[in-house]
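One structure below.
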Amino acid sequence: MQLIGAVISLLGAIIIFIGALGAFRMPDVYNRMQTGTKATTLGSMLAFLGVGIAVPGWIGKIVLLVLFIIITNPISSHALARAAHYSGIKLTEKSVRDNLEEDYPDEVDND
Amino acid sequence: MDSITAIIFNTAFYVLMAAMALAFVRFIKGPTSADRVVAFDIMTIAGISVIVFISVIAQRVIYLDVAMVYALLSFLGVIAVARYLEGGL
Amino acid sequence: MIILIHGLMLIIIGIWAMLTRKNLIRIIIGFAIVDTGINLVLVAIGYIKGKTAPIINDAVSTAQGAAAGMQAVDKVVDPVPSALVLTAIVIGLAVTALMLAYAIRMHKTGRSLNIDDFEEQKW
Amino acid sequence: MIETILTIVLAIISLMAAVYAVLTKKTLNAIIASGIISLLASIMFLLVSAPDVAMTEAAIGSGLTTVVFLYALKHIKDRRSTHDD
Amino acid sequence: MIKYLLIALVLIGMGWLFLPLATEYFTPTQLNNLAANYVYGSAADLNMPNAVTSVVVTYRGLDTLGEVTVLFLATAGVGFFLKRKNSIKSKRRHGSEILKSGADLLAPLIILFGIYIFTHGHLTPGGGFPGGVVLASAFLLLLMAQEHFTFSHSVIQFTESLSGIAYVFIGLAGLLLLGLNHFLDPRWLNLGQWGKLFSAGAVPLIYSFIGLKVGSEMSGMLDSLQSDGGDE
Amino acid sequence: MRKLKPGIILFIILFVLWIILAGTDRDELIIAGVSSLVISLLFASKAKALGNIHLSPKAICCAFMYLFVFLRELVKSTIDVAGRVLSPRLPINPGIVKVHTRLKSPLGRLILANSITLTPGTMTVETQGEYFYIHWIDIQTDDIETTTKAIVSIFEEYLEVIFG
């Protein structure tokens, strides 16, 4: 049982590491956010659940921890993406298109 | 905890430390402020995981409360910087 | 031990920031760093190697009342520095906010954040 | 053993963040760096078995410190842009 | 140039002063007498698991009363330096719809968690100071998400003064019921059963009031920092 | 009853949360009841969005299905993104696309947007009326309808039953 929990935790840690690596390699803010703040969500969930399996008495608090992470994380990354777009940070040259820029070009302050 | 389990847990711990260091490199390099906030966010999540692992090593359930405070409040800092960047604070 | 040295180095870096920077807000950030460093030093002095937090639950002692107290004395760290730092952190935030309010006020009257523009208020 | 290594890694990162906060040009970056210092200090408090202090530092450092600095920065920036002196 | 030299000299001197603290520091292997007494007394006299709380609230209770006063003075100073003029600035960018509805749903959750922290201050880590800060964080979330968020200042001031007065009166109750040198002694209430929520005398009550006071003070401070409107 | 519904749901959520946190002791139940009652009275006007939840058996069934689908998508897209990050060429094709949604209630839109944000590879940047603007790491088509089908429809059919 403890072994299973430890393996799941290791998997979660590796996913967090991949997220950090993605944030290191990606070309612009939006793609960094894609890997950085959301691949890490699943990673941290797995890490916590592994601990919960390894130590069965803690499962209540672990579930709450996962719940808090899953509620708060998307709100913050959405707010940051919106702010990055409105403060005039451009997408990388690799991008295909930008419908938001086409529809609301005046909202962005380019200073 | 037998030895194999301990080794696997320790490996997970080292991997988390490496993730933290990598995010910090992005923090130093990041061309814009938004990049730095992304790096800060990754460091926070890795930090919460580190706290949970510390509580496993120390065998104290009460340390999880600290992780809960972080999980519930860490998004405030990110939202604050975001609202500052878009001019709405 | 490492944490003690680290706290001392944070204090020195913060004082460096306070001495060399011109911008008022940067000086206050230096002050916040000094604050964190001092708290780290205080807590690190109370630490005893290999002992756990001074909260007596099942991990420390399964007895109740006075018997738990007898058992716990050998297993926990010093609670006094923790109690001091606990309040000091909150006070530190309030003092930082007070300094920032003063900086805003100075910018309002003097139209500048540079510390050298306020020469006449030195003494 | 592993706790010692973790402490050393955290100490190095935190000192680098502090030096960065002193040397950087933009004030906003210095504020985010002070947030990182606060996060790492909270983990260190936990490592010296002081969970109460760690919790207080977590509650303060995660939101309030950053926000207080940002409010001050906002007021100063607003006034600078409207009066343009 | 000479200035940089001077600063470097000051820093090196400071490091030299700190050096003995680092090198001659030896790790103790046992608690000193005072701390051992506190830990033992926390369990034996007060029936309370958390020794840090027993030091903060009971053994050094007068100190904490002073700290709360300092906190009050600092926040009053912030309100004194910054004028409240809510109506002038309204050119903030609107928060997104998701942030607004998320803030509405998260704020009660954060407040409940803050109440959990400061009512369980004698059993688990936490207590009035972090709990109050968590309450203020919920307030801050609403303040950031909604650009027209208003609340009545009188409610916050009323909560703050009421909890301050209640704190002092609980201290006086110890003086009245137990004897002359028992100011802030929580043992006038039933000590209760080990590890339950209603135990350790008046400590949960005192910590709840400290939490409410810190929370309302921090909220007032954030509000005055946020709405410093315009020039004189 | 209509007006009380958000408050009651909020009360139940807070009460269950406290029980998970602290256990079912008698003292805990007293404090939990009092504090959640006070908070739900204070926030009843703010949390109107909670009134949109339908509590029929079908909706509850759909909620479980939704949870399952969401977890499956989460794992699938995480593996996908991890593959992209680890491959040396970094095969990404990013951009911001526009999709439309049929959901009206605030809570449903919140959960839809959060689900889109939580699955790696897609991220909600802005919401305007019935259109969501989504940053997508790997754009396949140009058309609004097919994009909507690829990103939104998986979640939307369940959420529509739950929140209407």
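Labels A, B, C, D, E and F are assigned to the chains in the order they are written; within every chain, residues are numbered from 1.
Criterion: a residue touches a chain if its C-beta (ideal position, glycine included) is under 8 Å from a C-beta of that chain, and two chains touch if they have at least 3 such contacts.
Computed from a predicted model, the values in this text were never measured in an experiment.
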Practice task
Please identify each chain that touches subunit C as well as subunit F.
Solution key: E
Handout entry: Target subunit F, source subunit E, minimum contact steps
Key = 1
Practice task
Write down the chain pair with more C-beta contact pairs when A-E is set against B-E.
Solution key: B-E
Practice task
Just give me the whole-number Å value for how far the CA centre of subunit A lies from that of subunit D.
Solution key: 21
Completion exercise
Between the Cα centroids of subunit D and subunit F the separation in whole angstrom comes to 31
Exercise for the section: Provide the C-alpha centroid distance between subunit A and subunit F, rounded to the nearest whole angstrom. Expected result: 16
Completion exercise
Shared-interface residues of subunit D (touching two or more other chains) are 47, 49-52, 54-56, 58-60, 62-64, 67-68, 71-73, 75, 79
Fill in the blank from the handout: Flagged in subunit A as touching 2+ other chains are 21, 33, 41, 61, 64, 71-73, 75, 77-79, 82, 86
Exercise for the section: Would you pick out the residues of subunit E that each touch at least 2 other chains? Expected result: 50, 52, 93, 95-96, 98-99, 102, 109, 113, 117, 124-127, 129-130, 133-134, 137, 140, 144, 218, 225-226, 228, 231
Fill in the blank from the handout: Chain pairs that touch, by label, are A-B, A-E, A-F, B-C, B-D, B-E, C-D, C-E, D-E, E-F
Fill in the blank from the handout: Interface with subunit C, subunit D side, in the complex: residues 4, 7-8, 11, 14-15, 18-19, 21-22, 27, 30-31, 34, 37-38, 41, 44-45, 47-53, 56-57, 60, 64-65, 68-69, 71-73, 75-76, 79, 83, 85
Exercise for the section: Show which residues of subunit F lie in contact with subunit E when the two form their complex. Expected result: 10, 14, 17-18, 21-22, 25, 27-28, 31, 35-36, 39-40, 42-43, 46-47, 49-50, 106-107, 109-110, 113-114, 124, 126-127
Problem - subunit D-touching residues of subunit B, taken from the complex the two chains share - result: 10, 13-14, 17, 20-21, 24, 27-28, 33, 36-37, 40, 43-44, 47, 50-51, 54, 57-58, 60, 62-63, 65-66, 69-70, 73-74, 76-77, 80-81, 84, 89
Problem - subunit A-facing residues of subunit B, complex - result: 1-2, 4-5, 8-9, 11-13, 15-16, 18-20, 22-23, 25-26, 32, 34-35, 37-39, 41-42, 45-46, 48-49, 52-53, 56, 61, 64-65, 67-68, 71-72, 74-75, 78-79, 81-83, 85-87
Fill in the blank from the handout: subunit F residues touching subunit A in their complex are 17, 20-21, 74-75, 78, 81-82, 84-86, 90, 92-98, 113-114, 117-121, 123-126, 128, 133, 135, 137, 139, 142
